[in-house]
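Presented sequentially are two complexes of chain A, the first with chain B as partner and the second with chain C.
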Partner chain A sequence: MRLEEIARRLGLEAAVAGKGMAAEVTGGYCSDLLSDVMANAKEGYVWVTIQTHQNVVAVAGLTSVAGVVIAGGHRPDEETIARAGHEGVTILLTPMSGFEVAGRVHALLSQTS
Partner chain B sequence: MTDHNSCENAAAAVAAGERLGVTVWPGMELQTREEVHLVCIFAGLKAALDFQGFVYDRLPKLPNRPEKLGRQVIYDEAGRPAGECPKLLLASCEVGLEEAFRRVTAAGGLCYPAHVDRRAFGLIGVLGPFPPEAPFPAYEVSRGTPVDRVRRDCPWIPPGAIVVSSDAHRLEEIESGRTLLEMERPTPAEFLAALEGRVGRKVVVR
Partner chain C sequence: MAQPVKGLDFSAAGEAAGRVKKTLQQIGVQPSVVRRVAIVTYEVEMNIVIHARQGTLRTAIAPGRVEVVAEDEGPGIADIEQAMEEGFSTAPDQIREMGFGAGMGLPNIRRCSDELSIVSTIGRGVRMRSVISGW
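Now for the complex of A and B:
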């Protein structure tokens, strides 16, 4: 399932709709420690976090995740949005908790596989 | 001396230090909203307490739970309990690390990331091995972590900006002599001059 369809089905707000919106989502990872995400997130993943610092964009680019979901109603820093726009990294927002949104993404991916 | 999100004990420590001939810099170990710890050192008590006011306003409006988290005792200069801080200090302050750096620096203080190598609450562990926007004058490495490893992982850290500290939470954990500061006077301004390698000053990590 493509990221744009997941975003639409779950009502995720696109703070930045980057090139990853069209990517086929291959899995997901939940973590707020960027060193951990760098080690474990894979290309095509949805990354769920409440970390809002601009380094999120750098890590998303390095790991080639399809997009970042910032959960729990947290709003990214201005620099994060600007940098994501510049680098074409998708940032999606939701008031759902990380647990909730990860569960729903997992359910959607399980349906299609 | 840098308590967690607080400077409540700074006045007593400074006064006790004056009595004993030890210079104590009032400070704080700030936990930012990214969950990065920053060492904040101030030239005087007024600046430290002003910053504490800013931090307290941006901490969660929650009380400490002494039975679960431990008591937050405030001491007088003789080491006698003189009060207790009711706020929950074991939390993140709603301030980003770049803004915190700007504020501490504008107040004449020194601000740099603590134990950068630690997974929990360390700049590199939490935010990855990227150069931060804020031009921190120093980067603290935990004792026990090879400084060379940090240099290799983060080649952007300026030479001479690494300090090693014990992050002591108890008296007996204070390690003597890992980082020596050669300064004209024991002031935070001179600490900065040593970090910048100004003539006659330097930072020596052993």
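Now for the complex of A and C:
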């Protein structure tokens, strides 16, 4: 399932709709520790976090995740949005908790596999 | 490729590693190797940003082999063996709150490297050399 369809079905707000919106989502990872994400997030994953600062964009770019979901109603910093726009990194927002949004993404991916 | 890295400059943190990744992708290096080099370069870059005043990230790309050398001017590492332990970190609290300093950087580097050497002089800095080879 493509990230844009996941975003639409879960009502995720696109703070930045980058090239990853068209990517086929292959899995997901939830963590707020950046080195943990570097070690475990893979290309095509959805990364769920509550971190909002601009290094999130660097980690998303380096891991080639399809997109970042910032959960819990947290809003990204302006610099984060600017950098994500510049680098084409997708950032989606939701008031759902990380637990809830991860569960829903997992359910959607399980339906299609 | 030699890139300067400034201490405590979180706004530019990760950019040096990003440029290395782009270069490797452009020359068609296989994704699994790009991933390992991206992890190593990101972690050594972040170590400079978090702990040092300034430093340099150098990468040399040859067929089947990437060498990453990070040198910094900073406090150095008091006990390298302890620093290699999963979860050990000397990063201050406000940096940990941003999701850095989880004590996973050096273990990540070791896991992704075929060769690794770390030389530190207390009060002077650290020189770290990692080789990703065999592809």
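In this text, the second predicted complex is superposed on the first by the 113 of 113 C-alpha atoms of A that agree within 3 Å, B and C clash if a C-alpha of one lies under 4 Å from a C-alpha of the other, contacts with A are read in each partner's own complex, and residues count from 1 in each chain.
In this section, contacts are C-beta pairs under 8 Å (C-beta built on N, C-alpha and C of every residue); 3 or more make two chains touch, one makes a residue touch a chain.
Here the structure is a predicted model, which means the values were calculated and not measured.
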Where does A:58 make contact in the superposed view: on chain B (first), on chain C (second), on both, or on neither? both
Larger residue footprint on chain A, choosing between chain B and chain C, goes to C
Could you look at A:23 and tell me whether it touches chain B, chain C, both or neither (first, second, both, neither)? neither
First (chain B), second (chain C), both or neither: which does A:33 touch? both
Per the contact definition in the header, classify A:43: touching chain B only (first), chain C only (second), both, or neither. second
With the two structures laid over each other on chain A, which partner does A:3 touch: chain B (first), chain C (second), both, or neither? neither
Scan A:77 for contacts with chain B and chain C and give back first, second, both or neither. first
List the residues of chain A that touch chain B in one complex and chain C in the other. 32-36, 38, 51, 53-55, 58-59, 79
For chain C, which residues are in contact with chain A within the complex? 10-11, 13-15, 17-18, 21, 31, 35, 38-39, 42-43, 46, 98-100, 102, 104-105, 108, 111
Enumerate the contact residues on chain B facing chain A in the complex. 33-35, 96-97, 119-120, 124-130, 133
Which residues, counting only chain A, touch chain B once they are in their complex? 32-36, 38, 51-55, 58-59, 77, 79
Please output the residues of chain A touching chain C within their complex, sorted ascending. 32-36, 38-39, 42-43, 49, 51, 53-55, 57-59, 61-63, 79, 87
